[in-house]
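The two complexes that follow have subunit A in common; it is paired with subunit B in the first and with subunit C in the second.
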Partner chain A sequence: MLSLDRASLRYGPILGLSPTSFELPGGGGITGLLGPNGAGKSSLLQLVSGLLPPSGGAVRVFGEAPFRNPAVLARVGLVPEGDRLPTGLRADRWLRMMGELSGLSGEGLKAAMARALQTVGMADRSHLTFARMSKGMRQRMRLSQALLHEPELLILDEPFNGLDPEARLTLMALLRDLAEKGTRILVSSHILGEIAQLTDRILLLFRGRLLAEGTVTEIRQLLDRHPVELRLTGEAQVLARWAVEQPELAALRMEEEAVVLSVRSPRDFLPRLQQAAAEGAIPLRALDPLDLNLDAVFQYLTKDHA
Partner chain B sequence: MPIYAPTLPPAPDLTLGQPPALVLMRFDFTRLWRQKIGRFFGFTFLLLLLWKVARIYLDHLLHTNQALKPMQDFAKTILTQGAAFQADLLNPASYLLWFLVALVGGGLVARDTLYRVRPLMYAHPVTPRDYLLAKLGFASLLPFLILLPFALLPWLMSLLLAGAQGPVWVTAPLRLLPAMAISSVLMGSLAVGASSMAATPRAGVGWVLGLVLGASTLASMIHGLAGLPAVDALNPILLAETWPQLLVGVERPLVAWLPAVLGTAFHIGLWTWVAARRTRPSEAVI
Partner chain C sequence: MNAAPSPLATIRATALGYAPRVLQGRGWVLAGLVILPVGLSILIFTIVRMQGGDASSAEAVKVFHEVLVKMMLPIMALVAAPAGIREDLEQRTLPLLLTRPAPAWALPLGKGLPWFLWGSAWLALGVLGLQILGGDPGLLPVRILALVGAWWGELALMTLVGLVFKRGTLWGALYFFLWEPLVRIFPPSLQRLTFTHHIESLAGSRAAEVQSSQLLAQEQVTTHPALAFLALLAIGALCWALAGWKLQRTPIGLAGSEAEG
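Showing the complex of A and B:
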């Protein structure tokens, strides 16, 4: 569905995105584009949504270059970052224009508007002007314009910015629902928790470079330099004695009723731990991976490339 | 893990819609129609139009009503005839028209810049050319549509009242319509170019007025200092008034043919180029 082959983007002398390659498969699903401010997320989204041509390399969406390509753009929906909308304008009139720009008209347009407004839960409030809408309502209207033409690829740039927790959860549920129905969603954010809640598949960008691609677990496994931290709860002395005999152990820290291990190659270590616990060789009550979350992955990768 | 679904439902038919430039232009016209500014200018221009038509009727009365015979000498002073009269039909308070173009046109591109609408549009099947065409089309069509009744109604009135002997030439629309088109494109391109340089609609109005008045003042100063009347061709207000005069064949137009052609081409070319540069996708940062 979407592929970048050493695609890069320059703004004059400034490199917005280093040569980057990755592919997104067809079918529904959510992919998170993660990175701090200035990482190149918006640059990448501009390439993918056909706003700008790549300075080098190639971008393919549905097998074609998206830049100024109506055939591709008609299958893509974009929700740009920001909250600025023409304040005095009625939302439904703005939505109608966006639908017409997508090539819809007449009864088809009316049906598409009704469907999109229903999807985002704005069917009964679309007659309001943008000035009279809350931030969450405006964000939902922005999403509705991207859904009008039922895109196969939906791109959202920082969609959760400024939303209250309830609106965030609503939007996340909406995106999950769209993904289940077959839409491929690419969503960018600089907040790890948001992406972690939404999807397991991420693209990690930092300083214009794609650092990692895959699930959090897959990426974590690539980080050989940073052993996985595991907390084993049980009789700490016995657990520690067993752990020091394991070749994957890199470090060990004692706690009151637990032992925290730094382990290389968890794929080899964990089955052996499981077997020992099953055979009763170690008094293990609980196992907690401490740094198999997105925060830790992000910290490790960005620290390495800083 | 990502969620995979087999396929999407059939996509809607996207081939039946109107061209994007037309959609955008219609949207701008609809928005203007709903604004009070349109009603104010509509009323003002209507009054001016009534005055023009009344003059034709007065002329008719003076020629047909014997009781008004003694007033004919006086009437000749207010009812100029010939080419100058034809050209004057398209001069409904030139400054007012420019002011309207500045007020409406100044916000055309600037509003989209302020609200970051262009990235959204370019993410649809809308090219920068569509966008520019829509904005230029709207900004040019607006003065053209305002001028249209000024060219046609007096002509129709004159034709109905006095036929070929009326004060408005039978062939006047053939000369006035092209003049209107050129003046309108001049106004439209200048307004869109100026608006594209502004970050807010209000600043856009300032840019248009600044450019129009600035260019006029500059041209007048150079004309006065260097004694070069051809420099008046830099003055967009004079240019807009000159084209009807040139096309109906006024003996002494405000600007001569060659400078008028060059000046108009310069303004249209320059401001369209500026607008095209400022509305490129690279300027439409997400």
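Showing the complex of A and C:
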């Protein structure tokens, strides 16, 4: 369905995406594109959705180059990053136009609009102008235009940004449902938790390079090798004595009324810490993760790959 | 899989989709640019007449050439063109259109068409208003044709300039307010590269009004009215086509910027 063969993208002198190769099989399923801001996720999605041609290598979607290629674009739906929509237009009229630009007309267009609006839960609010819609509603409308022509490949760039938890869960359920019905979904995010809830397959990007590819479990194992810094506030001496006995401890630093631990496999360490605190074995008042962000993890992985 | 829409279907869908935009603020500014000067002239003309003053019918010619052609028409193009395809580029909504299977080259014309029709209607109304000032009824159709033809060309030119240059409005203003006024001192070959020349060839020449103090004034050439109208249409068509070609071949990403590829 989708293949990149040493595809790269340059923005003038800046390299947006290093030569990257991977393939996505046909059929339904969700693939997550994970990486911190500036990793090259949007660059990759722009290549795949036909917005930009590669500066080098080749991109093939349904066997053809997607840039300005109607045969490919008719089978692809894109939800770009952000919540930008044309100002001053009514959502339903705009959706009609997008349907016509997708080659739909007449009764087919009406049915497609009704189906897409129903799917995203906007059937009763599509008469509003975009200016009167909340961020979540605008995001749903952006998704509805991508679903209108029932694409075989649906591409979403950071779709959860700015959504409240309820809207996030609704969107996740919707994407899972579409994937089960046979749509191949490529979704980008810089938050591992979001991707992990959604996908069966992850592509890990960092600084324009494809760093790793695998299942959520494989990526988790890779990330577990990265020592995570935690600050434990309480009686520092007692906390330190307990910590040095833990097999996951990689380093320890004392602070006033706190101890900073560098811990491998936090998924094994944290439940044990929680249990010890609950049983009163350690005088723990607060726990602060210091570098649980993806940036730190990616920096670690980059060193690992160097 | 749906078939990709034809260029005509694309133009129709885009024009109808964006048509409501002309009924918003910018559209009424456009209408005001025609109606306010004409209305004001009519008001002054009426007051002078009521007071028994001498209100010449040449006033209509003056308002047409000096106000509508030289001032308002270029300002209308400078106001309307940024609401065309340039707006999608700046608001970063262009990727939504460019990832549809519709031909990208048809989008600038589709987005410009509602503005052209809206502006044309008000220009025609403005020229009709000039009849109250004593405009020559025989010149009414050609004046409307001249303004509508020039509006078509100037709007298309500004759309193209807006896609080619980041500061399209500035370049457009320089063209309209520095290059066009030079028509009086241009040699014949350069006179034909101005909208003013074609408008005057169609709607009546003002050569007699060139003052003796204008030492650099050149002999004014004229083009057959039909050819002048065709030239305006052709300039417009060429600019729409070039704008479409530019959009079709330029990689425009989510940031609205171009990639090297």
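Rule of thumb we're sticking to: the second predicted complex is superposed on the first by the 216 of 306 C-alpha atoms of A that agree within 3 Å, B and C clash if a C-alpha of one lies under 4 Å from a C-alpha of the other, contacts with A are read in each partner's own complex, and residues count from 1 in each chain.
Please note the rule applied: contacts are C-beta pairs under 8 Å (C-beta built on N, C-alpha and C of every residue); 3 or more make two chains touch, one makes a residue touch a chain.
Predicted model only: the values in this text are computed from it and were never measured.
Taking subunit A as the common reference for superposition, should the pair subunit B and subunit C be classed as clashing or as fitting?
clash
Once the structures are superposed on A, label A:Thr199 by its partner contacts, choosing first (subunit B), second (subunit C), both or neither.
So A:Thr199 only meets subunit B here.
Should A:Gln46 be classified as contacting the first partner (subunit B), the second (subunit C), both, or neither?
Both partners, subunit B and subunit C.
Per the contact definition in the header, classify A:Ser55: touching subunit B only (first), subunit C only (second), both, or neither.
Only subunit C; A:Ser55 stays clear of subunit B.
Which of the two partners, first being subunit B and second being subunit C, lies in contact with A:Ala65: first, second, both, or neither?
neither
Using the touch definition from the top, say if A:Ala179 reaches subunit B (first), subunit C (second), both or neither.
It touches subunit B, and subunit C stays clear.
With both complexes overlaid on chain A, does A:Arg10 touch subunit B (first), subunit C (second), both or neither?
Touch partner of A:Arg10: subunit C, not subunit B.
If we overlay the two complexes on their shared chain A, which of subunit B and subunit C does A:Ala236 touch? Say first, second, both or neither.
A:Ala236 contacts neither subunit B nor subunit C.
Just checking: does A:Leu270 make contact with subunit B only, subunit C only, both, or neither of them? Give me first, second, both or neither.
Neither partner.
After the superposition on A, what does A:Leu252 contact: first (subunit B), second (subunit C), both or neither?
A:Leu252 contacts neither subunit B nor subunit C.
Do subunit B and subunit C land on any of the same subunit A residues, and which?
Residues 11, 42, 46, 49-52, 67-68, 70, 73-78, 80-82, 84-86, 89, 93, 97-98, 100-105, 108, 145, 149, 157 of subunit A touch both subunit B and subunit C.
Considering only the defined contacts, which subunit A positions touch subunit B in the complex?
Residue list for subunit A touching subunit B: 11, 25, 27-31, 42, 45-46, 49-52, 67-68, 70, 73-78, 80-82, 84-86, 89, 93, 97-98, 100-106, 108-109, 112, 145, 149-150, 152, 157, 176, 179-183, 199-201, 215.
Looking at the complex, which residues from subunit B come into contact with subunit A?
Contacts found on subunit B: 1-9, 11-18, 20, 23-24, 27, 30-31, 111, 114-117, 119-127, 281-282, 284-286.
Over in the complex, which subunit C residues touch subunit A? Could you list them?
So the residues of subunit C touching subunit A come out as 1-5, 9-10, 12-14, 16-18, 20-21, 24, 87-88, 91-93, 95-104, 248, 251-254, 257, 259-261.
Spell out the residues on subunit A that touch subunit C in their complex, using ranges where they run on.
9-12, 16, 42-43, 46, 49-55, 67-68, 70-71, 73-78, 80-82, 84-90, 93-94, 96-98, 100-105, 108, 142, 145, 149, 157
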